[in-house]
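Questions regarding the structure given below will be posed in turn.
Labels for the chains are A, B, C, D and E, by order of writing; each one numbers its residues from 1.
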Amino acid sequence: MLRQVANRGLAVLRGAAASQRACATRVVSDRPQQIQQFGVFSREYSTALNLHRNTSDNNPDVPFEFTSANMEKVKEILSHYPKNYKQSGIIPLLDLAQQQNGGWLSINSMNKIAEIVGVAPIRVYEVATFYSMFNRQKVGTYHVMVCGTTPCMLRGSRTIEATLLKHLGVERNEVTKDGKFSVGEMECMGCCVNAPMIVVADYSNGVEGYSYNYFEDLTPERVVEVIEAYRKGEKPPHGTQHPERLNCGPAGGLTTLLGEPKPPPCRDLAAC
Amino acid sequence: MAPRCRRYSLPLRRSSTGSAPRRLASPVVDSASICGAGSGVAAAEGSGSRGLHSGVAWYAGIRGQLYEGKGRGKDGSKQVSESYKWSSGMSLGGVRHARTASVAAVGAKFTANPEDCIEVSVDGSNVTIAKGMTVLQACEVAGIDIPRFCYHPRLSIAGNCRMCLVEVEKTPKPVASCALPAMPGMKIKTNTPLVKKAREGVMEFLLINHPLDCPICDQGGECDLQDQSMVYGSDRGRFIEAKRGVVDKNLGPLVKTVMTRCIQCTRCVRFASEIAGVQDLGVLGRGGAEEIGTYVEKLMVSELSGNVIDVCPVGALTAKPSAFTARSWELKSTESIDVSDAVGANIRIDSRGPEVMRILPRLNEEVNEEWISDKARFSYDGLKRQRLNEPMIRNSEGQLEPVSWAKALKTVAEAAHKVNPAEMAAIAGKLSDAESMMALKDLMNRLGCERLWVEGNGENADADLRSNYLVNTTIAGLEYTDACLLVGTELRHEAPLLNHRLRKAVRNSRAKVASIGPELDLHFKCEHLGNSSDALLSIAQGKHPFAQVLSKAKFPSIIVGSGVLQRSDKDAVLAAVQSIVQQANMIRDDWNGYNFLLLNAAQAAGLDLGFVPGARAPVGDKSSIKFLYLMGADDLTPEDIPADAFVVYQGHHGDRSAYRANVILPGVAYSEKEGTYENTEGRTQQTSPAVPTVGDARDDWKIVRALSEFAGVTLPYDTVNGVRARMLAVAPNLFRVDELEPATPLPKESLPESKTKLESLPFKKVVDNFYMTDAISRASKTMAQCTAAFSSS
Amino acid sequence: MAFALVRSALGAIKEKGLKGAFRAAKEEGYFAALLDGNLANSKFRIDGVKLVGVDKAGNRYYEKMSHVQHGRHRWVVYADKVYNASAIPPEWHGWLHHITDHTPEQLEGLRPSRYGVEHMKNRTGEGEQYIYHAKGHALNPNKRDWKRYEEWRPVE
Amino acid sequence: MAWRSKLSQSLQELRIHMCQTSVASKATREFVVKNYKDLKTLNPRLPILVRECSGIQPRLWARYDFGVERSIALDGLSEPEISKKLEELAATAPQSKTPMHA
Amino acid sequence: MAARRALAVLPSSLRGLSSVAFHPAELQGVYNFGADSKANVIRAGEIGEVSGVPDEHLHRKVLIYSPARVASQQGVGKTGVWKISFESTQKWENPLMGWTSTGDPYHAVGEAALYFDTKEAAMEFASKYGWEYTIREPKQVIQRTKAYADNFKWRGPAEEEG
C-alpha cells in the first residue's frame, strides 16, 4: 500500500520533471539565455506563456500595420457593431491580423487592434491568450495542428503526431529550420467520425490565399504524403483521406440501411 | 417630500420635517457677556479647565453656553421652511424617508423608498431589502455573513469564485448569491448541509493550486482564504498532482506579487479598470493556466494602486514596503485621519510598540469609501526618518546645537520682543492641526503680530465665507454631477480620491468633464480646453461650447484648484468662475456645484480659524520680516526669507526650512497627536495618537502655550480641551467632530466686485511630484522609490 | 577519597582478615575496576584501548570495547590540563555520548557547507572580553541601538 | 455710515457666528446678506469671518490689536440693531495696548 | 454601602474629588446623583476612587469606539464590539533588549480587555471609573443595489463625435 503511494508520487514527480524538461527544450533556440529560464514555468497544457518577452522578431519596435486591402476588411468587420461597441470586433480582427502576419500575432499587431477598437491593449491580450487558435509565437507557413481529444486519440492521433514530429524533425510548437512547418495540438474539431484528423492552416499566400483545411482518416503514411505535397507547393485534397469513403459516409459503401427501412409500428389511423 | 435625484433615490435636500438644529442644549445662556481683554474663552474656562471630571459635562457645558437654546418644536418647523439656502442633503448618512435596515453586527445599511422595497426570507426570518439587491446583499442585511472571494461591495459583480453558494427554495442546485438578484418572497437558506457541502467543494478546488505558505505569507492572520478554509476547508487534500507555479509580476515599488497564491478572483483586475482607471491588469490564459498579469512588463501607475493590496482576498498582492515586517495580530491599530492631502481620508494606523508599521484605509462612505491614496498609505516610513528630537539653537559659530526647552523658548521669546510687531510673521505648515494653529494665532496676535498665513493659502487668502473655499458639492456628492469643469487643477495629483469620485460620475452617468489648466491624464474622459485663462473667460462669457454643456446639465459643478490662489489675478479668476456658476445655475436650493479644492490638510481649518493676515497687517513684501515663526512650513525658499530674519522652526521633520532656522522646536507628527483637521469639504475630523513621539518633542500647541508664558503673554488655556473651547469661540464648526457643517453661499449681489483684470496667464502646476509633497513624504524612502519608478510615466 | 578508600579497606581487613578481604575484593571486581578506569587505560595503554581520533584542539578520544564497565567505553583525554567539557566540539560530542557511532571524519559529508561557525570552547572566566553582554548592554562593544527613528542632524 | 469705512482702523478681525437655519440666527443672516458687500468693499483687508454651525447662538466677535476680543450675542436683535452693535464694537475699541517691550 | 464605607476612610483630598460634578446627560435617568439615601447606587467615578488607583490615573481620557472592519478582509465577525481605548502612547523600546516597555498601567488594559456589547455599557463602565470619555461613532456601510446583469447592460448608443 505504502509502496504504491510512493511509486505514484514518484511517477508524478517524474512526470512533472519530464514536462518541465520538455517545456525547456520547446523554447526556440534563438531566444537569449535569460528568456530560456522562463520556459520552465510554462505548463504542459498551455500552448505558450501568458507573458510577453521581447525577442528579435517580436518586440514593440517591430512595426505592424494592416495593409490597405485589409484595412477595408477591418472597416467591414467593425461595421457589424455599434460604434461604441467596437471591441466586439476583437476576435475577427485578431484573426485577420494573424493571417496577414504569417500565422501569428506580434505584440504590435495586438496593440494596433487595441488602438483600432479603442480599448486598452490588455483587453486584447486577454482575448489572444484565451483562445488557443491565436498564436503568439512564430509558427511555420503551414501550421499543422493535430487533434488530441479522446476519439482521435483512441484512433491513433498520438502516432500521427509522433510521425509528424519525426518526419519534420521538430518538437511540438517548434518551427522547422526552413520555416515552413510547425506542429501544434488542438482540441476536438468535430470530426470524430473520421478520426484521427489534423488541420493545416496555410499562411503561404496571405489573407487572400488563406486556407484552413481538415485532413481526416489519416494513417502515418498518408500524413507524410500530405506534408510532402504541401512542401512541393501542391494543394492535397482535403477532407477524408480514406480511399473508399465519401465525406463522412461509411467506407466501401453502406453497411446498413441497405434497403427501405422498416416503418415504425403505427396504429391504424384510419380506424380512429 | 424633498426633491430627489431619481436615479439614485437619494434626497438632495434634507426633508422639511426633520432638520431642526440637531443639538439643543437646555439652558439659555446669558448672552450679553462681552468678554474682556484676553478672556475670549472665559466661558470655556469655567468648565474647561476644571479638567478632571469634565468629560461629558464639560462638553455639555460648553454647548449649553454657546449654542442657542431656542427653536425647538413649533419654531423648529417654521425656521426650516424659511431656511434660506441649501443644507447638506447630499450627505449619504443624512437620508430621511428611507427605511434603513440596520444590523448591529454588520452595520449594513441601505437607502430606498418604502415602495421600492421587497421582502425575502433568509434562514427563516423575513428581511426587507431594496428592490434590485442581490441575494448576498439580502443576507448581509439580515446579518448573515456570506463567504466570498470575488464579490466586493465596491466593484462590479464577477461571480467567478462560487464561494457564496446558497440554497434558494425551489431551485435544483445551489446558486451563487452574489450574482442572483433577490426576488420578492424568495426563501434563502444559508446554513443547510447542502450549502456547506457545496462550499466545501469550492474551497477544495481553490486550495488545489494555493500554496501552503501561510507561515511566510504577509496576509497570514488577516486572510479571507485562511479564515474561510477554517470553516469549509479539509484538513487534507485529495489532489496528488503537481501544484502549478506562476511567474510573479513586477507592479512597482508598492505592490508585491506572489502570483502562485492567486485564486483568480479578478478583484484586482476590476479594481484597476473600474476604480483606479488604469487598464493594465488582465486575466491571461485559460483553464488551469489562467493567471493575472500585465502581459507586457508594465508598472501600475496609479495614485490608488495600494488599494489592490486590500482588495486581494489572499496574499497574492501584498505591500512591498511592509513586507515581512509584522504580523497582523501583533499590531495595535489606532483609528485616525490622513493628512497627506486635503481630503482627510479615514485611516487606521497599525503600530507595534513605538513604531508605525503600516497604514490602512478605514471605511467612511462620505469621504474615502474604503480607498486611500498611495501617499497616505506608504509615506509612513518618513515618520521614522529626519526627525527633530531636541530643541536646538544656532550658536555664535552658526552651528545648531541642542539645548534645553527652557533655553530655546527663552531665546525665541527674547527675539520676538526685540522686533517691531509689524516685522513679525508666522506661517503654519501643511500638516498643522487646528489646535496648534489656534494657539499660534492667539500667541502672535497677543504679541501684536497680524501677519499670519497657512502654507498653500497664501498671504491674500479670503477666509470670509466658508462656501468660497470648500468643496460644497461634498466629496460623495460629486458622484452625482453630470457636467464638471476643472479650473487650474490636476485633480488626480491634488486629490486622488476626489478624482475617483468624479471618475465614478463619468463612468456611471456619463458626466462630461472638461479641464482648463495643466494637462494631465485623469484616467477618465476629460476634454482639455487648454491651459490659459482665455478659455475660462470664453466659458464665462458663454461663447465656449462647454458653457452650453454646463447650462444644460442638471447637476453642473466646477472645481477650482488651489493653484489659483497663487495667481496675481486671483480675484478676477474667481469672478470669472462666479459668473460661470451663475450662468449654469450651479447654486440652487438642492445643489451647490461650486467647489474650491484645497491642497493641504491644514488649509481648511486655517481659513476657518482666520489664520490669515489681520486688517492692518503688512502684506506682500517679505523682506521686511525680522522674526519669522514657521510651524512646519517648508515651502518658503531660502531666498524668500530675509538674511537678517530670526527664524523659528517648529516642526517634526528636518526638512527644507530647518536648515535656515535659528531655533528649532521639535513638534509631533500627525501619528503622534490628537489633532483636529478639517477636510476640503469642511468636515471636521480628529486624529488619534498611535505612537509616542520621538525624543524630547512636544505637542505643537503645548510648545506655543509654553512659549507664550516665556513671552509674557500667557495663553488662557492649558489643556487640549481648553484650546478646543477657544476654537469654539472662533470657528464653532471645528467642534463638531466627524460632522459636516454645510456652508451657505451668499447670493451674488452680496459679494463684492472684483477690480482686478483677468490676465492671460497659464495655470501653474501645484503638485510637481505627487509622491513628495510634504515633510513626511519627502523623508520617506518608499516615496523616493515611487518617484524614481513612476517619474518617467 | 583516597583516604576513605584506605579506611574502608582497613575496615574490611579488620573484619574479614587480610586473606578474606582480598578474596572478597577480587570477587567483587575491585581490582579490575582499578585498572579499568580511563586514567589507567589511557595513561598506561592497557590492552584493547583504541585511539579513535584527535580533534582540532588536540583532545584525544579513546574507545575500549571489551572488559569495561557498561557505558564507560568511550572517553576523552583533554589536551589542556585545566580542562572544560565545552572544549569538545559538537561533532565529537555526538560520538562521545553515543548519539552516533560515526566519527566526524565519517560524517564529514553531512557537514553543512554554507553555514555554521567553528566550534569554540566556553571561555568564561578567562578575561573581560569573554563576558557575555546582552544586545543592548552598555558594555557590549556592538551595542544595538533600539531607537526606531533616525534623527535629523544639521549638515552645514 | 462713516464708521463702516473706519472699521479696519479699530478692528483686526470680525467674526460672525450663526446657525444655518434657526430663527434666532435669521436676523444675523439678513445682516450678512445685506451688509457683507458693503463692509468688504469698504474694508477689503478686514477678515469678516462668517462662521456657520448648526444650533449655535448668533454672536458677533471683534478682535482688536494684541489679541483683545469682545463679543455680543445677537439673538433677539433685528438687522439694524446688529448694525448698531457692530458700530458699538468698533467705537469701543480698547486703548491700543503698546507692546510691553517698546 | 460597602463602597460608601470604603470612601469614608479615604483621605479627604480624595473624597473632595467626589464632589466634582460628573453628570453625563445620558445617565441622568439611571443614577440619582448626589442623593445619599440611595447609597447602593454607584456614583460616577466611585469605583475608581475606592479602588486605590493612583490619582494621576483616576480621570484618564478615554475614547469609546467601535473598531472598523479591516479593509483587507470582508468578514464582519470582529466588528460590532465597543472598545475603550486609553490612547496610551507611553511606550518605548527597552534599551536593553529592544522589547516594548510602557509606563502606562492602563496600556494593555484598553488594548486587550475592555470590550463591550453596546456603547451604553462602555459609557457606564467608563463613568463608574471616572474616566473622561469621548465617543466616536462607527461608520456604516451603505449597500447599493447592483446586479450581475450590469456587466452586460446596453450602455446606450454612441455619442456623437465633435
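What we mean here is this: contacts are C-beta pairs under 8 Å (C-beta built on N, C-alpha and C of every residue); 3 or more make two chains touch, one makes a residue touch a chain.
All figures in this text were calculated on a predicted structure; none of them were measured in a lab.
Novice: Give the fewest steps needed to get from chain B to chain E, where each step moves from one chain to a chain it touches.
Specialist: The fewest steps needed to get from chain B to chain E is 1.
Novice: Over the chains that touch one another, what is the least number of steps taking chain A to chain D?
Specialist: Tracing touching chains, the least step count from chain A to chain D comes to 2.
Novice: What chains touch chain A and also chain C?
Specialist: B, E
Novice: Name the chain whose C-alpha centroid is most distant from the C-alpha centroid of chain C.
Specialist: D
Novice: When I count C-beta pairs in contact, which pair ends up with more: C-E or A-B?
Specialist: Looking at C-E and A-B side by side, A-B shows more C-beta contacts.
Novice: Just how far, in Å, is the C-alpha centre of chain E from the one of chain A?
Specialist: From the centre of chain A to the centre of chain E is 67 Å.
Novice: Centroid from C-alpha atoms only, then distance chain C to chain D, rounded to Å. What do you get?
Specialist: For chain C versus chain D, the centre distance works out to 94 Å.
Novice: Whole-Å distance, chain B centre to chain D centre, using C-alpha means?
Specialist: The separation of the two C-alpha centroids amounts to 33 Å.
Novice: So which bits of chain A are touching at least two other chains?
Specialist: There are none in chain A.
Novice: Counting only residues that touch at least 2 other chains, which ones in chain E make the list?
Specialist: 93, 156, 159 - these are the residues of chain E that touch more than one other chain.
Novice: Which chain C residues sit where two or more other chains touch them?
Specialist: 148 - these are the residues of chain C that touch more than one other chain.
Novice: So which chains end up touching which?
Specialist: Taking the chains two at a time, the touching pairs are A-B, A-E, B-C, B-D, B-E, C-E.
Novice: Please give the residue numbers of chain B that touch chain D in the complex, ascending.
Specialist: So the residues of chain B in touch with chain D come to 19-24, 29, 31-38, 40, 66-68, 70-71, 75, 78-80, 82-85, 87, 417-418, 420-421, 442, 445-448, 450, 463-466, 608, 610, 612-617, 619, 712-713, 729-733, 735-736, 741-744, 746-747, 749-753.
Novice: What residues on chain A touch chain B, complex-wise?
Specialist: 8-9, 12-13, 15-16, 38, 41, 43, 45-46, 49-52, 60, 107, 119-123, 125-126, 129-132
Novice: Mind pulling up the chain E residues that touch chain C in the complex?
Specialist: Per the stated touch rule, the residues are 93-98.
Novice: Would you pull the chain B residues touching chain C in the complex into a rising list?
Specialist: Touch residues, chain B against chain C: 353-355, 383-390, 392, 398-400, 653-654, 658-659, 694-695.
Novice: For chain E, which residues are in contact with chain B within the complex?
Specialist: The touching residues are 17, 20-26, 44-45, 58-59, 63, 65, 67-77, 79-80, 85, 87, 89-93, 99-100, 111, 127, 130-134, 136-151, 156, 159.
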